Each structure stands twice: as structure tokens, then as C-alpha cells.
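Here it is, the structure in full.
Chain nomenclature is as follows: A, B, C and D, assigned in order of appearance, with residue numbering initiated at 1 for each chain independently.
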Amino acid sequence: MQRYILGRVVQAVITIWFVSVIVFALARLTGNPLDVILPVEATKEQYEAMAAKLGLDKPLPVQYGIFFMNAVQGDLGESLRFHRPALEVVLGRLPATLELGVLAFLVSLAIAIPVGVYAARHRGTSLDGVARGVAILGQSVPHFWTGIILILIFAVWLRLLPASGKGGIQHFILPAVTLGSVMAAGIMRLTRSAMLDVLGSEYIKLARAKGVRESIVLWKHAFKNAALPVLTFSAVMFVRILTGSIVTETVFAWPGIGRLVVEAVSYRDFPVIQTVVMLMSAMYIAGNLTTDILYAYVNPKIRYRK
Amino acid sequence: MISKKCVALTLVLSFLVVWQSHAQTKPFEQELVALTASLHGENALPHMGSYIDLNFWSSTYDYLLYATPTEGFTPGLAERWRVTDNQTRYTFYLRKGVQFHEGWGEVTAEDVKFTLDLIMRKDSISSQARFLREIVDRVVVDNPYQVTVILKRPDWQFLDIVNNDSPPVPIVCKKYVEKVGDKEANLKPIGSGPYRVAKRMPGEFIRFEAVPNHWRRTPDFKWATIRAVPEASTRIAMLRAGQADLIPVPTDKVPEVEKAGYRTFSNSGARLYWVILGSLPLPTRDVFDPKVPWWADYRNTNEWERAKKVRKAMTLAINRKEILDTILLGRGSLYGVSHFWPGNTPGNDPKWETNPYDPKEAKRLLAEAGYPNGFELTMILLKHDGRPEAPHLGEAVAMYWEKIGLRVKRLPMDFATLRPQMYARKLKECWVFGQQWEKEPIVAMSIDSMSTSQYFTGAEHPGLDKMITDTLAEMDSKKRHEMTRQIGQFFYENYLTIPLVEKGSVWATSSRVADWMMIPGMNSDVQLLEYITYKR
Amino acid sequence: MLEVRNLKTHFFTRHGVVKAADGISFRVAAGENLGLVGESGCGKSVTVLSILRLVPEPGRILDGEILFQGEDLLKKSEAEMRKIRGSKVSIILQDPLTSLNPAYTIGDQVGEAVRIHQHLRGKSVLRKVVEVLKLVRVPGAEVRIWDYPHQMSGGMRQRVSGAIGLSCQPKLLIADEPTTSLDVSIQAQYLDLLKQIQEQSGISMVFVTHDFGIVARMCDQVAVMYAGKIVEIGEVREIFDHPLHPYTTALLRCLPRLDAKSELVTIEGEPPDLSRLPPGCSFSPRCNSRKPVCDKHYPHELRINDQHKVSCWLKG
Amino acid sequence: MVGLAAAGRIPKSVSLFRQAIFGPLPTVSLLILFALIGIALSAGWIAPHSPVEGSLRLTMLPPVWMEGGNSDYLLGTDKFGRDVLSRLIYGARVSTSAAFLAIFVTAVFGTLIGLLAGYLGGRVDTVLMRLADIGLSMPGILIALILAVVLGPSFKNVVLIVLIVLWPHFARQVRGETLGVKEQDFVILARSMGVSSWTIMWRHIFPNVMPSLLVLATLDVGYVVILEATLAFLGVGIPPPNPSWGVMIAEGREYLETAWWISVFPGVAIGLTVFALNMTGDWVRDKLDPKLRQI
């Protein structure tokens, strides 16, 4: 097992390295930060001076070399906009995103799993139908639109909830729902299908034949086995949530990395762009790794494999 | 098992969240919350930031002089100032006893010298750097309260530079900057203004605390926070939710806000919008393209006239009144020549009328110019900070042009992408440009309308270059203004640019705000917070 | 002990009604073994699942009585049923590989019924579990209880599911082809084991299989099922000696016999589609000696003697 | 699937509604899709007005049923006085054509890579799949956003972006299937008879990965429609004045309070379309290959 994990980690590192190359190149294709930093009246001299100061005058490979050497030592460069280490800037915004993400994640789990299990249990009934319908519908609207509509209804018309910004618990509701909706839909559908597979199996029949109470059959016998694919999916989903935050945070003016990076792109703040992309990739990869380990946890077959 | 873990996690988290939020929402007494679309670079040192950045610190610093709506200045840190007749020596007599924040001592001549030197420093990105380096010979500290600037040559612009009008020249604290270094000082500026910086989260907010009995003005609000909220609808929602006291409102949302019963302040002259026709290069440049319908070699009279007809047609095709009434909902005004705002612009000529709306004439002119069935061109819908209307205006203009038979492509673009191409005069596209009103249009023109200027929003023409240079050299304001008028006349007659509308920035305030001093051409962003009064 | 009367369990599928059990009747006396024989898909499993009222969707028990210790199970509430399942009546499923939950340990799964029905907790459950595992001869039961199913051999798993069935000393044990998935030698061991346990504890058994050999080995009574109906039922020796129904004879002929010279034969033709049965005797299409009447009406049950009943036009 | 309380209950008839929507064949969904395609094709005839021409005099007219509504503009007009209905209709064309083209290109590319990786295996496989991993690990929308800034907004760039963001999904799926198929006898036979790799991939393997490919495609079209809308929302979608639904929402979102109809209708349109697509996708999947339930 350890060996296996180690191998995966090495892979992950390589992947992240590639990502760094790609995003480094991409970022530089978006334009020249000086065109944002310098006042429009800036002279050629000022351009050159600034370029030199930021090391943008060197050829790209050299620039990457420098970036790489520093990155290895944990220095991802200094934000062109905030004059502080990019990593520091990003990590400063990360909590906001994570809080929102985790909340949305839990909310959607809390909704999706019971509904999914229920739908599978009562498969074919109209309740199942409605549940699926709603779920698919949830996946069918762009979630920035959901967000806009939610603001329109709850903030503008009903005046129940704040439209945006970070603050009291009530600030979390709309963004969390927006962010969670897409994911809840996915998880619900997955739970349902996974449960359907499991409920068909012999050991469920046997459990019932033992006279086990239905709820226990569902949750103890069936769900623990169905949880497997659900977990896999959830980890990936959680990372997708972080990516989704790019839009949601723009809609709700949420001070997280999503908004940070959108502004970083228009500000051509290369270090921040790079940091965020690499961070998200790292999270995605970590997510998958965790999943596999969780797999091992729920599925003894894997756990006991040498 | 899993479910147990989940529950546990949920509990912990929700606790965290609640706790977190409580930590956050503890309100200050009398805190003013002002919103802005973006805090931009937030650079606080004059040699490190563009004027957009520096505007956000306008209340943290004091300035030698303060701009007034009309000509002339009111005293600031400089109680009075003397200019020698040949306009080469400027002496400023400083106010005594003005203290920098957090015990960094009194503002002295040393600080003024230091500030000017900073701006002229080699690594300075300030937009005045070039100009100051050109004209300033040296800055002399006569005594702690008296500083003299000696110029290489006579100049009338100097006072226009060293005031709070953008780009502003804030007086920074020598001791502080030298002690902590540029970087630190840029992150946490120390000034002598009415609001000291209390706390900031870059990109998110800056929180100021009022300085008790300040010589210039003691703010009503003990605390003031500038918070960045990119989405306009979000800003409005926050205003309505009582989360904000002062928000910039894009014109098309003004009625919504007013309907909701909020007071709006409009500040005229903030933006002059006009259409820039491609980059109009000198025929001698290799980027010069004779096929561009609206531009030609000025030495070839027929061609020049033909091109002028096209420009005129494109000008007459636009119904400015309708644009003003619909897109700007009547907030703003019409004007005749780019750079010249009828309000009070030296050199403005009342005889310059707004171009009429006359599509028939436009079509006729096109035909005459040899384009009976129009031609193809591209309108750049420019995404440019502080000019939310620009893309809308662009679309509107495009629609009018289509009505006279031009085939208009649209191309959304952000300014950072446009800029280098504009510098290179490469663009064959048109775009709507919004410029901040300048006290002396000639100053702006010298920067953006000459074939030598890097930043370029006009048309390259040797005659124009000459006129501008001469005008700049003219010390006598009367004559200078007359010469300025002639430049405007040249633009007007040749339809070099296509003026659209003037529009002020609109601000909505919560019920806690009583009033806010508006200075024409300023308040383009959250400035002068100390002049916002609290309604008791 | 158990008496099934005219049990009708049908499946309502999109393609029509499948009559998996259509008027099944039989009785099992205390300590007696009934073999339920037939080709796969003839409704054996459905019949036994009906007894536990665990008919899969979209199946419904439409009619009949299932008298267990004199009470009709079909009249019982779900809760009451639950009390009976696993304690009084328990089942051993066909495939030990799939009938054990991969996510839980052997001990957990064997102990579950005990916990539920005998309300034991903690140590005593384990003691009980070990006891039962010993009963089914799982070597090293004390340690094995901590294993997961996938760590055991097929034979061991089948014993475990046997243990699950026996864990609460049921009155009736249903074995649904418990040995099909095992290879022959292990089959033999396992069957002997079951037989032994059954004789010791005197529980009754319904033994579902398609193998007359097993019936001969295990059962006192045998019921031959074809197309959802019992075509011949009676005491094992009797049936073996004079099978009356052509289907029974055919099945018997399929048995490899040591004494017989005749080589192994199989029944030609396919088992019928239960959703569209012929009007008459459902076996007639495959019957060599069929008469015209066979295709018209279904033969009513003919009572040869107390130990032997058959439904066939050829007799009588 | 064991119905516990089954005993004695008579099967209750399946409700019509359910049959229609979740039944064996997603009637409603298919209807929606056909309608959509019909609209997209006949936009030129059925749209009452030009989608791009408008008059500022008619700016932000409300839908006809609201007071102030104008019967010429059933669903009202937008900021530039353009008919929302007509834009919706043409939007159907723009959005769907973009989505379908994008998914087609992506599928083709992804399949090619997947086939190569799966069939050739070895180093090729490692390299290609590592690339796919990288692609998957990068935050899609963000990369799309950056790319859009790099490439500039245009129809073909939207397609290109989708390609870059989505190809790994297809590549991985196809590779997996290929691995399975290539071990099967007929392939081995073909190889033993010296059939060229290309022919084998094309004639023998491709047809076998087709089903799951189809499923993935149908399920992803919906996602692409949403992605396009999201790009538009971030201001880098299909350039105006082309009325893609995404662009319409983006343009309208500033006027939610004053003119909700500008952004609400296109939102609904997207919702319906993607809903129908997903439903059909599920159906196709269950028909072709229930194994794929977890895609």
C-alpha cells in the first residue's frame, strides 16, 4: 500500500510540474502586465525600467528557470498587484473559498445522499421520478444563473438574505446553495444508481432474510457498499466546487481565490494566476489520492491487498 | 462510520462558520462603508502607483495645493506660494504643526523635497515623472517650512502637477519611507491626511480611522472602509441591505436606485466619451494604410477631403440625443469637440455645436466619398476600468453605423490588450474611449494627441503637433487658451474624433450620509471621504 | 410444520405476466426434508422466497396460504414477518460469493441475526457466533470471525452462510441450491454437514435443487416443479422407483447412474417462457408421448397414493 | 430491488406523467430537442425581427403581458431595443451549433488519442494519458477563461476552448474501452492476418467503443452549452451582437431588477435544453450500456 501511495505521489509531482510549465506559458500569452501596472502616459524608459525590475525583460526560458528554482524553495513569486508573495496572497483568500466550498459540499451531501438512497429504494415511484427530474434540472442550469436568480428572489424581492459579501452565517446561504446545487444533483444521481446496483445483490436479500429492519438494510448493508463510487465522485466534485467558485464568487462578491484569480487574469498578475492554477491542480490530484485511500477504507478488499 | 464522521465534521464546521462570522460582523460605531468596483493596484507611494491607485489614498495624505472647480488653487500644506515672473522658481511656504500619522513627526520641507525626488527617481512609474525630470532643475529646502523648486525653463504647468487633482502628488513622510523602505510604506502608507490607514486586505478592503481634529477637516465618520465589489447589482443590493453607505452606480441602474429612495450624487465632467477612429497615423509611418476609408495622406488634398467626408458621415450617423436619453438615461450632456467639456474648459468655444443626427446626409457623403454601399469595419467594445458605459456606447454607435450601410463587426477587448496596439498605431478598428476631464485640455493633448506621444487617442498631423507644442510653450494663459481653442477648432472642422457624450460618475448614498463635496472632474473614484458628512 | 396451499406468485413485467409460482401446494412435517426439483427458471426460488415474503419487484403474491406452525404468514404484518425471518425460518442462498456483504466481517454478519432475534450484546454474541461457526466446522472460528468474506475460500463462505441460516436455531431452513457454486468434493462434505446438523437439531428443510442426486441424498419428500407448477410430488423412494410424469422420468434419466448402461441423456427442447404458456399441459411441447388432450387442458392432480401425486394426462 | 411490502399488493398503474418524462422513452425531452433543432434551422423564417438590429427608442420594453408591453415584441426588448424573442430563436441556433460543433470536434480528437493510447499502449499510452491527467487536473473554467483572453472571443475559439478543456474525458473513456476490445479474439485474429493498425482501430475497435462514446457525447453536450454560457458570463464568450443564450444572460444580468426578462428567458431556454439533453443522454446510456451509469 505505502509503495502504491508513494508511486502516486511521484506521479502527482510530475503532473504538477507540467501544469506549472503550461500555466506559465499560458499566463504570458495573455499579454503584458506592464500595460496594466504602468499609467497610460508611461514612457518607453519607464516600460523598460519596470520590465527590468520585474525580470520580464529576460527571455521566457530564463524567466521560467528562475520561477522554477524559486518555486522549488516554496517561493511562487511576488504578486504584481499586491507586492506580496503570491502564495501568501492566495492562501490569504483560501479560507473564504474553503469555508464556502466545504459548507456547500456538506449541504449537498446531506441533501443528496438521503434523497438518492430513498429514490433508489422506491425506484420507479413518482417520488423517485421527481427526485431525478429535479436533480437533472439542477445540473441543467448554469450556476451563475442560479445565483443571479437567487439574488433576485431572496435579496432583491424578498429582502431576506444579503446579496453578497462575506459576513454572518446568513451570507453563506445563497452562495452555498448556488454552489451546492450543481453538486447535489450529481451526487444524488450517483448515489441512486450505486444503491440500485447494491440493492439488487444477494447479500441484501440475505440481510432481509435475517429479518433485519429495512432502515438498517439500507444504511448499514447497502449504503456502506454504495458509498464507494459516491465517495470517489465526491472528492472530485469537491475540487470541481473550488473551480466553480470562480463564477460563484464573482456573482456574490465572495472574497475567495475564485474572484482573486478572475481579477488576476484581467490584471495580468502572472504569479497569482500561476499559484492558483497550480494550487487547484494540486488539490484535484490530492483529492483523487485521498479518494483512493478512502476506497481502501470502505472496501476491505483493497485495504488488504499487499 | 462515515456518516458519523460527516456529522462531526459538519458540527465543527458550522461552529467555525458561526464563530468566524461573529468575529467579522461586529460593527464599528459610525463606520462609513464606501464601495468601489475594484481597488486596482492600491499602490500608495506616488512613484509606485498610477493615479487610479493613488486616488484611494486621497484622504490619507495631504497635498501642497488643492484643485478648485474653476481655475486656480486653494492652499493645502502650502499656506501660500510664490512664483517668479519668469515662472522658473516656485516657492512654497508650509503650514506649521501638521503631524504625520502614528507619531512620525511634523510635515517639513524635507518631506516635500523627498516626495518630488521620489517621483523623479529613475524607477518611478509616475505619469509626471518624465515631465518633472524634464523641467525641474533642483528642489531646495530653504528652511523646515519653506521649499523652493527651481525649473530649467519657464513653465506654467508646474502648479497643475503638485496638487491633489489626478494624477495627485501626495506628500509622503521621508523618515518613514526611508526607515521601512518603499515596499512597506507602499503597503501601509503614512500620511498627514484626515484618515489614517487602520487595516487593509489587499484587493478586498482598506479601513481608515479618523484623525482627531485635523487641520484640514476632521471627518464625521470615525471609521471609513473602502471595499471592492465588482458586480454593480451586488453593490446596489448591499446598499439596500444597509451594508454600504456610498456606492458608484452605473448609469443604467440609477433609476433603480432612485426608485428605491436613495439619494444620488452626480459629478459632471468625470468622463468625456468619444469614438476614436482607428489609429490615424502619419502617411510616413509604415503602418499607414491608404485603404482605411476614413484616413488619408494630408498632402493629397482630394484624398484628405474624401476621408474627411467619410469621417463626417460617420459622425452625422449617430443620434447623440437618443444615446444620451436611452443608454445614459439623460444623465450627462452633449459636447462638440473631444477634450473640450463646455462646463468650464479653457479654450472651449461655445460656437462648437453638437453634431446633428442626419443619416440621409451621412449616406450622401458616403456615396460621394465613393462608398455608396458602405464598407466593413470593426468596433472594439472596450472593457476599461471606470468606463462601464464604453461597450454599450460602442454597440449603440455600431448600430447607427449599420443603419447607414456600414458593415460593423464587434470585438470585445480589454484595455490591457488594446494598449500596446494603440501605442503602435496599429489598430484599424474603432473604439469608444472615455477620458477624464482635464483642467487644461492642452495638457491632455500633449500626452495623447501628438505623433510623438506614446499614448494616443487623436490623429497624427504635423500641423497638430506644431500647434500643441507652441501652445505648451505659451506662458500667457489668455493667449494659451486662444491657441487651445484653435486646436479644438482643427479637430472640429476635420472630424478627427467623433464626440459622443459627457457623463458624470453617479454615486448613491445611504440614509446615514448627509452630503458629499463634489469637485467637477474629480470623485472619479472613492475620494475625499473626509468630506462625506454624517446625517444625525 | 409448513404447509403451502395454492400459492400464486406472479411477476408483472412490461412484457406480460410471468406466472412463476402458479398454485403451488406442499407440506413439510417437522424434522422432514422436502426437495424442490426442477430446471432453472421453473419457479423454485420464487416459491421459497414467497415463503419468506421476499419476492423481488415486480413480483406479487396474489393468492394462497402459507401456514407455518399453523399461522398464515401471508396474513402477518411486516414487523411480525421480520421477527420470523432469520429466527424461525431462515435461508441459505445459492451463491456464497455474493450473498455475504463484502463490507463487514464474518462475525458481524453471522452475529447480526443473533443480535436482532436473541437480543444478545457484546461478548455473548461473539460466543454464540463462534459456537455456530464451530457447528458448521469452520476451523479456527475464534480468529475467523474477524475476517472479511473475500479472505475465505468458497467452501468456507458457504459454511458461513450456512451458519447465518442456523444461527438462531430456526424451525425451518430453506436451502436455495446451496451447493451449485461449489465443486463436487466440497459439495459432498457440505451436504453431509447439513444433513447431520438437521438430524441432530431436528429442523425441517426445504431444499431447492435441480439435481436429483442431491435429493436422493438429502430429502424425504420431493416435489418436481415445472413451469410454475408442481407436476409430481411424493416420497423420495416412491418417486425414484416409479416416476409417473414424463418430465420426472426425463430428469431422472439425466442422472449419471453407476448401474445403468444407458449413457447420460438431456431433456431436448427449451423450458417454456412463463409469460406465454401453452393452454394445455405446459410440458406437452417437449413431451414425446403426448396426446391431443395434452395441448387442450391442463391435467388435474391425480392421487396415486398418500405418498404420491402427479398431474399428467398419460396417467389415469 | 427487492420489494419488501410487496405481498398482496396489486401493481399500481404507472402514472402518465412519469411515463412521459422518465418512462422508457423520454418523450418530452425528445420533443424539446426536436423543437429546438426545428427552431434553430428555421430561425430565419420564424423570428419576427432581426436578432441584431434594434432601435434605442424601443429600449427595454417589457414582455407583452406586462403593462407597457408591445405586441410586436412578445418577450420584450433588451437594452438596445432588440427583440428578445428573436434573439432567443437565433440564440438557439448559435448556442446549439456551437455546442454540437464543439462536442463533435472534441469527440473526434479525444477518440483518436484514446484509440492510439489504448491500442498502441507502451510509451505512447503513458505519454498521452499523462497529458490527459494534466488536462483533467487543471481547473477547466479557469483555463478556459485564460485561453479566452489569449485567443480573444470568437465562435471558433469557443469551440477550441471546449476542445482543450474536454478532450481528456473522451480520450480516457475510449482508451479504457480500447484496452478491453483489443484483447478480443477478432482483433487478435485480424492482427495475426497482418491487418494494419489503422484498419484494425477503425474497422474493429472503433465500432465497439462507439456506444459509450455516444453516451459521453450526449451527456457532455449539455455541459458544453453551460460552459459556453459561463464563458459569456465571464465576458469571453461568443462576441456580440451574436445572440448566444449565454451572452444574453450576461448582458441582461445587470438589469435584473429593471428588466428581468432579458436574462431570465435565455436562462430558462438553457435550462430546458440541457435538461432535455441530459434526459436523452441518460436514456441513450441506459439503452446502450448501463455499465456507464457513473459517467
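Just so it is clear, a residue touches a chain if its C-beta (ideal position, glycine included) is under 8 Å from a C-beta of that chain, and two chains touch if they have at least 3 such contacts.
All of these numbers come straight from a predicted model, not from anything done at the bench.
By count of C-beta pairs in contact, A-D exceeds the other of the chain pairs A-D and B-D. Of all the chains shown, the one with its CA centroid nearest the global CA centroid is A. Distance between chain A and chain D, defined via averaged C-alpha coordinates, is recorded as 21 Å. Averaging Cα coordinates per chain places chain B and chain C 89 Å apart. The centroid of the Cα atoms in chain B and the matching centroid in chain D are 43 Å apart. Note on chain placement: the centre of chain A and the centre of chain B lie 38 Å apart, centres being C-alpha means. Residues of chain C in contact with two or more other chains: 54, 57. Touching of two or more other chains is recorded for residues 1-2, 4, 149, 253, 256-257 of chain D. Of all residues in chain A, those that touch two or more other chains are 31, 124, 151, 156, 205, 208, 224, 250, 266, 298. Partner chain D is touched in their complex by these residues of chain B: 232-233, 236, 250, 252-253, 255-256, 319, 322-323, 325-327, 381, 383, 392, 395-396, 398-399, 402, 410-414, 417.
On the side of chain A, the complex with chain D involves touching residues 11, 14-16, 18-19, 22-23, 26-27, 29-31, 123-124, 126, 128-129, 132-133, 136-137, 139-142, 144-145, 148-149, 151-152, 156, 190, 193-194, 196-197, 199-200, 204-205, 208, 214, 229, 233, 242-244, 246-247, 250, 261-262, 265-266, 273, 276-277, 280-281, 284-285. By the touch rule above, chain B contacts chain A in their complex via residues 1-3, 6, 9-10, 13-14, 16-18, 20-22, 24-25, 38, 41-43, 50-51, 122-127, 129-130, 167, 183, 186-187, 201-204, 227, 229-231, 233-234, 237-238, 240-241, 243, 383, 414-417, 419-420, 447-448, 454-455. Those residues of chain C lying in contact with chain A across their complex are 49, 52, 54, 57, 81-87, 90-91, 93-95, 98-104, 112-113, 116-117, 148, 150-151, 161, 164. In the complex of the two chains, the chain D residues touching chain A come out as 1-2, 4, 14-15, 17-18, 21-22, 130, 133-134, 136-143, 145-147, 149-150, 222, 226, 229-230, 233-234, 246, 249, 253, 256-257, 260, 263-264, 267, 270-275, 277-279, 282, 293-294.
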